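See the structures that follow.
Okay, so subunit A shows up in both of these, paired with subunit B first and subunit C after.
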Partner chain A sequence: MAGYAVRRLLTAVPLLALIGFGAFMLTFMIPGDVAATIAGESATPQRIEEVRRQLGLDDSALTQFGRWAGGVLQGDLGTSMIHRIAVTQMIGERLGVTVSLVAFGLLIAVLVGVPAGLVAGLRPGRWTDRLVTVLTTLGLAVPAFWLATILIIVFAINLGMLPATGFVPITENPLRWLESMILPGLAIGAASAADVARQSRSAVAETVGRDHVRTSRAMGLRPRSVVGRHVLKNSGIPIVTVASLQVERLLGAAVVVELMFAMPGLGQLTVSAVRARDIPTIQGVVLTIAVVVILVNLLVDLSYAWFNPRLRKR
Partner chain B sequence: MPDPANTEPSNAPALTIEGLRISAATEHGRVDVVDDVHLTLRPGRITGLAGESGSGKTVTGLAVLRLLAEPTLRVESGRILLGDLDLARLPRGELRALRGRRVSMVFQEPMTSLDPAFTVGTLIGEVLRRHLGMDRRAARERAVELLDRVGIPEPEKRVDSFPFQLSGGMQQRVLIAMAVACGPDVLIADEPTTALDVTVQAQILRLLRSLTDDGMAVLLVTHDLGVLAEHCDDLVVMYAGQVVETGPVDDVLAAPAHPYTAGLLAAVPSTARRVERLATIPGTVPPPHLLPAGCRFVARCPHAAPVCEEPVTLEDAGGGRSRRCARAAELDLEGVGR
Partner chain C sequence: MAHPIRSALAIAVSAALVAACGGGGGGGGGGGGKGPKADGTVKNVPLASGFDKDGEFSWGYTIEASSLDPHRGTSGFDQNWLFPVYDRLVYAAPDGILKPMLATSWEAAEDGGSVTLKLREGVTFHDGTPMDAAAVKTSLDRARDDESVVKSDLATIQDVTVADDHTVRLALSGGAGAILGALADRAGMIISPAAIKKGGLDTHPVGAGPYTMVDHKQGDRVDYGRYGRYWDPSVQRVAKMTFRVMSDDQTRLNALQAGELSMALIRQNQVEPAQRMGLNVLAGESPTFYAFTVNNARKPFGDRKVRLALNLAIDRKAIGEGLLDGFCTPQIQPWPSTSWAYDEKLGAGLDKWPHDPARAKKLLAEAGYPKGFTFTALTSQTTGIAAVAEAVQAQFAKVGVTMKIKLVDASQKTRMFDVEKSADAALISYSPTPDPQGVLDRQLLPGAAGNPGRKASDEVVRLAGEAGDALDPDDRAPVFHKIMAELIDYVPHSVPICMQQRTEAFRDGVSGLAVNPAGSRDFRGVAVTKGG
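Let's look at the complex of A and B:
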């Protein structure tokens, strides 16, 4: 198992290189000129040219990529061209916000989605099943930014129950952290909860019909053992898979929702970096997110062996 | 129908089914798939429940533990008596406490009937912990003993195996170990050997026989007359959802009282005689929504007469036997010598 994990991590290296290269080249297609931004509005063309040379932007794209990649190999993600701060530092300051938000959204997705899927899947065709189907369709159809707007209007502005903007680190005040998380967490988690509920429903509906579940009943096991142990563990692989896919969806939704709730996370950083064509920052964010996604996928693959013992023999 | 030769108190029925009727939702509406089923299981005896596919034997077996796929299948009337408890009417919670403890079941497909995600020790231990309140360690030790009891070699090693690491025969032994872990009074075995090799079949059936030594009653659902003749004490023959004949196996085989039983016996190829064509019963079982009002076998019966158009009841014939045939008294049906 450990060997498998190491092999998987090694194959992640070329993948990261490819992602880094792809993102780097895409950045060159974005219109705009970072040198002009830095030089200021009233700068002469000569001044802009000088800044460009200083930043090494006059080299070919490949040379620039090589320079950046060389730094990364030494653990240096470079310095933001705009803010003149180390990219690692900027990401470090903001990662906590985004990780909090995505984790909270995932928590909502799992805590709502799995029970809803269970209720629907255990009795397919019943009114509870139809209700869940309607709600999941709704949840998937509603975009996160729209839901965020509605939540802000209703709970922050009209009812004044929760803050409309801002972020409080959990280390500073856990209660205020929770308050600041609820609305954005709901906004990005709703679609994921719907997706998890759907997948759980079909996995559970398939599993309850299996012979071994009937055996559990024939042996007199209590419903909570039959469902909680035998049905859930055998439905685990599709549920964990869909939950892991939510991490990517939530990261995407977080970019927008962070802006709406004025949360200083990676989303804000990314949008401003892309606008300014701040290559080192964009690259840093892309790599960070890629690493998170790769790690999540690895954990999920390792969990498959727990759910299905047949996969343990290699 | 008490057997006069055996009047010990321990020979009180382990389980009695009286007038069981089960309906199914079909495209033709709700129709009865099991009707007026009576049978008695006795301690220490194996009762064979025989019949063609669709005769209602598996549904009858499942109904005992109330494992029918509701609401498609539903018990309409009748009693299933375990002592003085009517399993058909017991509240769910009480029924669950009896399942696996006093009435248990093994199934046809061991490979799909064991949960693939747990070790066999966990699966057997779970039953012990549920009903006997054992802790994890005691349950594991007892699981090893049970694996040994059902003839699994190296039980201390096998207890940590997952079902997929065992052969079909071994899986069926594990399922049997789970089912008998709490020493039930009654075991329903639904075609337990159909999915297994012939040599393994005999081993499993001998295992079931040895388990009856402590007084467990077994209902062995099967369509295999060879299995019945070899391994059962009593026989119940079902046709189109009804019991048509019951009695001690040897007596019924030697002199069947119902033309359907006789037809089944005639259809078994014998090595004693050379035949041009294997005998069959002409026609097929009528579907549940097209059953005649009288004898359900009438259309296929070589002895059919006008009297057979009237409804027939299951009638005690003495000697622990009963049959559902209006002409039983006048017919002299051929059995098989043993």
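Let's look at the complex of A and C:
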């Protein structure tokens, strides 16, 4: 199993290189000029050219990519062209926000989605099933920004129970961290909870109908043991798969939700970096997110082996 | 998929929720109904008695400082974040008059070749370093070095010399008047020489201002605390200030309503909603204006008749008062009415370049374009400028001129219009410099970055030199009025459409506010009452 993990991590290296290259070239294709921004509003054309030279922007795209990749191999993501701060430092400061947000969203997705799916899937066709189906449809149809607006109006402005904006690091004050996470977490997690509920429902419904579950029931096993040992474990793979897919969805939704709640996360950093054509920052964020996604996928694959012993041999 | 059911349900639920929420938000406001929307806004808020000395003022703004280093930041809005920390040599008071700050007095040499500044004694920077002539020289020299973004503001300074401990002399190549205005802004912020040596000013500013930076979370906030040894404690009316980054417009309004901010920038179309929520609105003319600009080295813009025709085709009133709800004052002068450079007698000048499509058509025919012509204008997708561009496009169409709009971002516009000179025209939002002279230096003179055609009226060039030499606004104003008259006659490549108003919402209890004539936000002397 350890060997499998190492092999998977090794194959991630060329993948990351490809992603890094792709992102770099995409940035080059967007028109605009960071040198003009840096040189200031009343800069002469000569000054702008000078800045371009200083930043090495007059080299070919490939040369610039090579220089960047060389730095990355030595653990150096470079310095933001706009803020003149190390990219690793900027990402480090903001990673906590986005990770908190995604983790909270995922927690809501699993804590709400799996039980709802289980309730619905165990008795397909009953009113509980119908209710879950309606709610999940609603959850998937409502966009995060709309839900965020409603949550802010109701809970922050009218009831004054929770903050409308801002983020408090968990290390600074865990309680206030929790308060600052609830509304954005709900806004970001609702659609995922609905998705997880749907997939869990169909996985559970399918397992419940299988022969061995029917047999277990017929043999008089206690319902709790049937559900726990046979139904849930056999539905595990599809549920974990859909939950892991949520990580990517949540990362995407984080951009909007961070903006609406004025949280200084990676999403916000990405938006401002792309606007300013701050290449080192864009590259750093893309690489960080790629690493997160690859790690999550690896963990998911490893969990398959736990759910299904037959896979362990490979 | 049961789509009809899904959407019906979604609509029903959303309608119910919106209805449920609508009730709570109201209260206050008054005024009622439609009518002129600028109603109920204030231009300034005099200091209220009984403010809270231990109070906290928080402000929400759209973008963070690109850097907290006055000489290195790339954004023209950085100074908002720097004012609390950095005192300038000269202070631009809300009425536009320059007053002593770190310099207590100044005097220009008879020939205009130098300005001598007397410095305030006994002032120390936040790190304990004394503020003296040597420190001022270090700071000004740094502001003029090659890496400085404010270098051009100080372009006329040839040399800075230390006359004695508290006197510095600036040797000038002319433009003594304009230099004082520049010293009231970023270029005149004096940095501790010890901190310059130490480095790290991008995130750790060290000035001699009323507040020290306590904490800086990049992309989120800057926290400021009262500086115990400030030379004028009477302006330190709150104990703490927090400036927060909130790029989303609705988010700032939410934060105000939830009491998480004392004050925030709002958009013009948010004035009414903010008032309905019971918030107060500060509105006043800023020196930022929308302008239509062409490259007059490209055909057919070299022809004065064509430029005049386009000017007459633009309906400034429809844009400023209609499209922009009265929050953009239609005028042809590139200075706000609050500026000393503004010619009261001329006023908005809409009678000089009236909206006259018939005459515009005639002029175009005379210039050899009876059927009009087609060109492309660059504009950015940000702020309200895209909407202004579309209005201008429709107005040009009425005289037979087809203007294609190309949406680009600001840096791309700079590259295509200013540097490569490959664009015909642009619709821009001109962000000001501290001195009115900036419009000439940056837009109108032949060497200006915003004048890719390099053409201008010789008379304006001559007058610009004259205007820069005088020190006293009273002496400079008549020259600026002459320049304006000449501009009307010449029809320059860049013409204002309307002067934008700055709008900010604030909660009850905030006082000591005024609209800064330079357009930036300096909260010097702001106060809050308990619970405000």
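FYI, the second predicted complex is superposed on the first by the 310 of 314 C-alpha atoms of A that agree within 3 Å, B and C clash if a C-alpha of one lies under 4 Å from a C-alpha of the other, contacts with A are read in each partner's own complex, and residues count from 1 in each chain.
Operating definition for what follows: contacts are C-beta pairs under 8 Å (C-beta built on N, C-alpha and C of every residue); 3 or more make two chains touch, one makes a residue touch a chain.
Computed from a predicted structure; not experimentally measured.
Engineer: A:309 contacts which: subunit B (first), subunit C (second), both, neither?
Structural biologist: Only subunit B is touched by A:309; subunit C is not.
Engineer: With the two structures laid over each other on chain A, which partner does A:225 touch: subunit B (first), subunit C (second), both, or neither?
Structural biologist: first
Engineer: Given the touch rule stated above, what does A:53 touch, subunit B (first), subunit C (second), both, or neither?
Structural biologist: Touch partners of A:53: none, neither subunit B nor subunit C.
Engineer: Touching A:38 in the superposition: subunit B (first), subunit C (second), both, neither?
Structural biologist: In the superposition, A:38 touches subunit C alone.
Engineer: Can A:167 be said to touch subunit B (first), subunit C (second), both, or neither?
Structural biologist: second
Engineer: Subunit A residues in contact: does subunit B have more, or subunit C?
Structural biologist: Ranking subunit B and subunit C by residues of subunit A touched puts C first.
Engineer: Quick one: classify A:82 as touching subunit B (first), subunit C (second), both or neither.
Structural biologist: The answer is second: A:82 touches subunit C but not subunit B.
Engineer: In the overlay, answer first, second, both or neither for which of subunit B and subunit C A:234 touches.
Structural biologist: A:234 contacts subunit B only, not subunit C.
Engineer: Once chain A of both complexes is superposed, is A:217 in touch with subunit B (first), subunit C (second), both, or neither?
Structural biologist: first
Engineer: Please write out, lowest number first, the residues of subunit A touched by both subunit B and subunit C across the two complexes.
Structural biologist: none
Engineer: Going by the contact rule set out above, which residues of subunit A touch subunit C in the complex?
Structural biologist: Against subunit C, subunit A makes touches at 31-45, 48, 50, 82-85, 90, 93-94, 134, 137-138, 141-142, 146, 149-150, 152-154, 156-158, 160, 163-167, 259-264, 268-269, 271-272, 275-277.
Engineer: Which of the residues in subunit B come into contact with subunit A in the complex?
Structural biologist: Touch list, subunit B to subunit A: 65, 67, 96-101, 104-105, 107, 109, 112-119, 126-127, 130-131, 162, 164, 175, 178-179.
Engineer: Touching subunit B in the complex: which residues of subunit A?
Structural biologist: Residues 210-222, 225, 229-230, 233-234, 307-310 of subunit A touch subunit B in their complex.
Engineer: Quick check on the complex: what are the subunit C residues that touch subunit A?
Structural biologist: So the residues of subunit C touching subunit A come out as 2, 5-7, 9-10, 13-14, 17-18, 20-21, 24-25, 60, 63, 66-67, 72, 74, 76, 146, 149-150, 152-153, 202-203, 217-220, 244-248, 250-251, 254-255, 257-260, 408-412, 414-415, 418-419, 431, 433, 438, 441-442, 449.
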